[in-house]
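You will see two complexes here that share chain A, one where it goes with chain B and one where it goes with chain C.
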Partner chain A sequence: MKKVSKPERGIHPLSGLFRERNLFLRVRGILLPYGFLAPSLIIVLLFFFIPLVMVFILSFTNLDMTNFGILEWWRPANWNLNNYVKIFTNRFFPKILGNTAMYTALTLAFFNMGMALVIALITTHINRRAGFAFRALWLLPRLTPVVVYIMMWKALAGPAPMGVINSIFGPLGIGSGEYLLNMSPWVFIILVNGFIGASFGIIIFSAAIEAIPKDYLIASKVDGATTWQTIRYVTIPMIKWPLLFVTTYQTLSLLTSFEYIMLLTDGGPGLYQTEVWALTAYHRALSSYFGNIQWGYGSAWAVILVIIGIVMAIVYLRVFKFGELVEEPKIDRL
Partner chain B sequence: MKRLFLLMLIGCFVVAGGLLALAQEEEIVEFYVRCWARPPMESWRGDNIVLAVAELNADLEAAGDPRRVEVNLVQDDPRDWGKYATEFLLAYGVGEAPDIWLTGHEHIGVQAEAGRIIALDELMKEFPGFNNVIDSLWDSTSYKGEIWGVPQDAEARPLYFNKALLKELGWSANKIAALPGKIEEGEFTLYDMLAVAKEAVDKGVVADGNGFWTRPKNGHDFTALYYAFGGETIDTATGKLVFDEAAGLKYYQFFYDAAQNYGSMSCLHGDWSLWHGTITDGKVLFWVGGTWQWAEWAEEYFKELGGEAYLWENWGFGLIPAAEKGGKPNSLTHPLVYTISSQCEHPDLALALIDKVTDYGPNTRHAIASNHMGVLKDQTEYKFYKTSRMLSEALYMLAYTTFLPNNPNWGAYATITYEALAAAVGGDLTPQEAVDFVVESLQRELGDKVIIR
Partner chain C sequence: MTVRRKLRPIFAYLFLIVPSALILLGFLWLLVTSFSTKTEGLRSLGWTLRNWSFLWKPPFGPMSPSIWLITLNTFLVAAGMTVLVVLISSMSGYALSRMKFAGRKGFLSATLILHAFPSVTLLIPIYFVLRWISGIPIVGGGIPLIGGFGFNTLGGVALVMVAFQLPFGVWIMKGFFDEISWDMERSALIDGASRFRVWRQIIIPNIKPGIAALSIFSFLAGWNAYLIPFTFTIRRSGKISVLSVYLQSFMGETTITNWNAVAAVGLFQLIPVVIFFLFSQKALLNIYGGGKKGGV
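Entry: the complex of A and B
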């Protein structure tokens, strides 16, 4: 019996070409997203990752004004833990850490989260245009150049008769007419940062609240829920993701922010009264009256701040159950 | 044909020679000059150099030197020596350091040690004009036996007092007028001053905290008070920094007492504009300032009231009082100095420019405009120098003057000793704790580079 060989299935004279084309499309499919990501990846590498590695290395050296250009800081032979020992044995280390914790916690609680959420809730429950106008007004401090903004606050806190607050309340017998920034520096620092910081949360929260399907709110009202109950049991749970995002983002932002404090009090009055961690890193690494700039020591302060930030971010992700927030809706899995 | 060729050849030589001569004339040396100067009072620091360029170029032309100098001047008031020094350092790092850098004399140690500025001894031999500089001022520019800078100006840091407030306390005009003399004789001490300050607070003449003020943040003035209590900062034999525990204890005790018991020192808020504003509002009785601030106050705060005339009427000044009766009062001068970067390709010309401005005319212009002391011998006899009343009346202070040490680690030392002071003023540390903190921190940061006595 003659065996008739069947032609190979699917082999076409042009099939090789198709195969190559398919391969090309597959490779392109894999590489294209990376191509789109490449510009930001390069920027992150150049301006964040490499500097971070350099700061990390510098933190183990004693690079300063006296040996700049002389010390070969990149050689492991010049690395040691002295800067970290100096930080943890510094007499003012607990004070600066306490200042940082207080500043971050109070600004976050009262303004960046608390006030932002309250204003977002109010402005989404009133006339839409009025709410929008109010939120736009609240953005003004963020749009104002930092130096101008701080000058305004300094003018507000100034001593009588020039200081606005003293001038207004002085005749009523309130305040001593002294420089309020010296008397209550933390109040002003938290207010100054809080007014700016709250605007970020206001935008995110109001957008999230507006995005909640109206059916849920109507349903809760039909069920007889009060406004507070609606907020507590419908609105807040549905904006959990924005709450996590703003809390994490603003915590990290507050931990590393120092420019407002530097311009307002520069860590004073007195010794380290309002000095926060990031400001210390700046003072040590980049600013010192007599020019004893200590890049190595300042870098060590900065590295610890990065570690604190990473730990805080992980804690938040755990507390807010990040995994549950991003997992597929259960209904889709059925 | 031959003749034509010859003519052409001659023409070529003439043109080439002309071009060569032109090229020689056009050898431009471009200098970058960086000055710390608060305009308009201190603008002569840099402007004098700009004026000197034409004179130097005339000298070069007369001497047949083909080089011609052009100057790019950058001068402003950075208000922070750290930023100013960092700017120089980073510019040096990329090979763009200013050729002439005017800076505080205490930066010489760091920059000389790192090789960023050059020693001037050899070059200076060709400029005899430098012999006119007051001999003691060269001490402030010397490091490891060599001279690294040329003094540009000097000053006194007096104790100022508000005459109107003293009158409110019941002081007669004669008693007020006699105060500088009593300070000079050691009869009016630092604690006498605090006692008057306390009295002023108790009687409501000034607010609590405003009896006696220093500058609002770390700076040079504090060292003068440390010296007043017998403190030393440098060991002349080894060149190492020194901290004297006994003097330090008295020094911190003084500031602790001032803040806690004598209604003083509410000034360490770090805000210069507030500091000037409060003093010029007449709310502070005694304060330590600089002679140059006299010009600043007259120009910026009292111009409409008569400027300096108003100040002479209402304010007075003397030396920083002695710590104990019969002791020696003092003052502190912080000469700014012209240094030459080691990246400067024509240091002889840079020094020639500095030589031009280290002369009676240019230096006096700056002295009068800014109320800084002159740096030249017999400058007080110079016709125009005598026109400034402030310079004449403050001149005696130079006999009592002290300097900061020239040491690469002075910055770390000054920061630590100030931190302790601010903590003592704020009540965070007792005087003894402040001393312990300084000793511990200096040893940790500087190791054997500092001597504790």
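Entry: the complex of A and C
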């Protein structure tokens, strides 16, 4: 039998699967990708999809510790908007909203963007090895176990004889020997979250800065620009996309993060003094004192965050052409 | 002008060192405190090894679990989670990068949305999902060592962490698969290998750097995890506890916290991370680098 050599080049390697004559093989070819995806799909279904539907339903019910097992929360007859009314008429609602806005804005401005950009700029302009070492050092807080990290900060902020900041800077007249965390909890919340958050920006920005073609920098130097002018008029415009991306991504992260605040002040020291939105949801639903766990009410707080999350995620996909952005910084896209 | 020029690098280093110093101070305090009877700032008022006694005798009386059991738990959770995340993400990443099927684009953008999603908001319903899994015989709570996959088991904690890590993992693995040339895979297919065999024998060996980076990242995430084990287990210093939660229980509600002992336990949890980090920083920076997303 004479073999007909088929031209191999240019054929999509998958096209063979769809020309299969055997029905079994054809069906298998179609189903195979889903086989590969099956474990992911099961986990997404169990831990994202079902919970997402449930959190919405729960937010319309008054399910709590007292009626758990009695209330048929899945019945539409038991659904109402009471929880949402309760949130917006809550005495502390303006306080919590203000806290969340302040926490997000200040941490983002000073650390996740500001400090990250400054550190990225400096570490890319000094000796390469030194720059790398500093970037690694800034990654360390993120890798430290949360509880250990918070403990370190509590020790730094401790009262006069024990506290590190007090004992070092006290003689210079800074700090009054008090427990600094109680004196100015917001300063520490922003510092603690900022040192974690900055590393994300540092790594993305320094990768983007290093990807800028050297010609531009040399050209600006030839034209007599100072380092500051080069940074202002060449580097910053060139990393516009990473800057925008980190801003939006970190805004969402900060809005929904509460782990560090929970461990540091747990909303205190004053009444609702440092309570933020996500922490309220957690407190109401999962870690209230025994007998006062309100899953329904907590879910309503969470749902508002979920909606913000979905809207922002869609914004990523649309405005920033997220898929491409993730591959590499959009430097030539200006 | 020349003086200013010379001073500039000094200013640059100064600006780097001052904020970085806070990080270093914290870690230094941890080290000094764990070996001291009492400290004032960074000054030790007497050196001792007593804080480390938790290594050979359970700190909460003879009935409480030893630190080694807790460490084993933490390791099991982190390692189990790492294996699952790497396995599942590389399977999905492969399909998403290499195969044509209906819903591919949808799944990809869904993964991205999930990644950008405030996962903590799902903790409330996940609590009920785990409760529901607990009701299933054997799988729920009858497996030795990890306890099962339900509420208040190591398996359940690991499973939830796998879920939160998965969108990130799938995306990273897809990126690594995209880098492999089509020709190599095509020639294996022409030689008659099945897709699965191609995946196992051709692709996997070629994405080892990706697997390494994701494994390191997942393991660290699992080792450090606090919120999920804290939320989905009860009895904070009981048998089903990981190091982070155990450490938190040291900062007692009833007794005065012995900060020196806490620092020692904290350091005990931190040391593997630092060693791990020193050996793997290149690979880790890989995963963040190039604009690929990570963290938070």
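Everything below uses one rule, namely that the second predicted complex is superposed on the first by the 256 of 334 C-alpha atoms of A that agree within 3 Å, B and C clash if a C-alpha of one lies under 4 Å from a C-alpha of the other, contacts with A are read in each partner's own complex, and residues count from 1 in each chain.
To be clear about the criterion, contacts are C-beta pairs under 8 Å (C-beta built on N, C-alpha and C of every residue); 3 or more make two chains touch, one makes a residue touch a chain.
What you see is a predicted model; the values in this text were computed from it and never measured.
Engineer: Of the partners chain B and chain C, which touch A:286 in the superposed model: first, second, both, neither?
Structural biologist: A:286: touches chain B and chain C.
Engineer: Using the superposition on chain A described above, determine whether A:305 touches chain B (first), chain C (second), both, or neither.
Structural biologist: In the superposition, A:305 contacts chain C only.
Engineer: Specify the partner with more touching residues on chain A, choosing between chain B and chain C.
Structural biologist: Comparing chain B with chain C, the partner touching more chain A residues is C.
Engineer: Looking at the overlay, does A:163 come into contact with chain B only (first), chain C only (second), both, or neither?
Structural biologist: It touches chain C, and chain B stays clear.
Engineer: Of the partners chain B and chain C, which touch A:265 in the superposed model: first, second, both, neither?
Structural biologist: First partner only.
Engineer: Tell me which partner A:67 touches in the superposition: chain B (first), chain C (second), both or neither.
Structural biologist: Touch partner of A:67: chain B, not chain C.
Engineer: Per the contact definition in the header, classify A:91: touching chain B only (first), chain C only (second), both, or neither.
Structural biologist: Once the two structures are laid over each other on A, A:91 reaches chain B alone.
Engineer: Just to be sure I read the superposition right, which of the two partners does A:140 touch: chain B = first, chain C = second, or both, or neither?
Structural biologist: A:140 contacts chain C only, not chain B.
Engineer: Take the contacts of chain A with chain B and those with chain C, and give the residues found in both.
Structural biologist: Shared contact residues on chain A (touching chain B in one complex, chain C in the other): 286-287.
Engineer: What residues on chain A touch chain C, complex-wise?
Structural biologist: Checking each residue of chain A against chain C gives 8, 13-14, 16, 30, 32-34, 36-37, 39-40, 43-44, 46-48, 50-52, 54-55, 58, 115, 118-119, 122-123, 125-126, 130, 134-149, 151-153, 155-156, 161-164, 166-168, 191, 195-197, 199-200, 203-204, 207-208, 227, 242, 249-250, 252-253, 255-259, 263, 278, 281-282, 285-287, 295, 298-299, 302-303, 305-306, 308-310, 312-314, 316-317, 322-323, 325-329.
Engineer: Sort out for me which residues of chain B touch chain A in the complex.
Structural biologist: Of all residues in chain B, those touching chain A are 80-86, 89, 92-93, 106-107, 110, 113-114, 116, 207, 217-219, 266, 268-271, 274, 277-278, 408-412, 414-415, 419, 422-423, 425-426, 428, 437, 441, 444-445.
Engineer: Taking the touch rule as given, give the residues of chain C at its contact with chain A in the complex, in rising order.
Structural biologist: 8-9, 12-13, 15-16, 19-20, 22-27, 29-30, 33, 39-43, 87-89, 91-92, 94-96, 99-101, 104, 107-110, 112-114, 116-118, 120-129, 159-160, 162-164, 166, 170-171, 175, 182, 185-186, 189-190, 195, 199, 220, 223-224, 226-227, 231, 243-244, 247-248, 251, 259, 262-263, 266-267, 269-270, 273-274, 277, 281, 284-285, 288-296
Engineer: So in the complex, which bits of chain A are touching chain B?
Structural biologist: For this pair, the touching residues of chain A are 65-70, 86, 89, 91-92, 159, 178-179, 181-182, 265-271, 273, 286-294.
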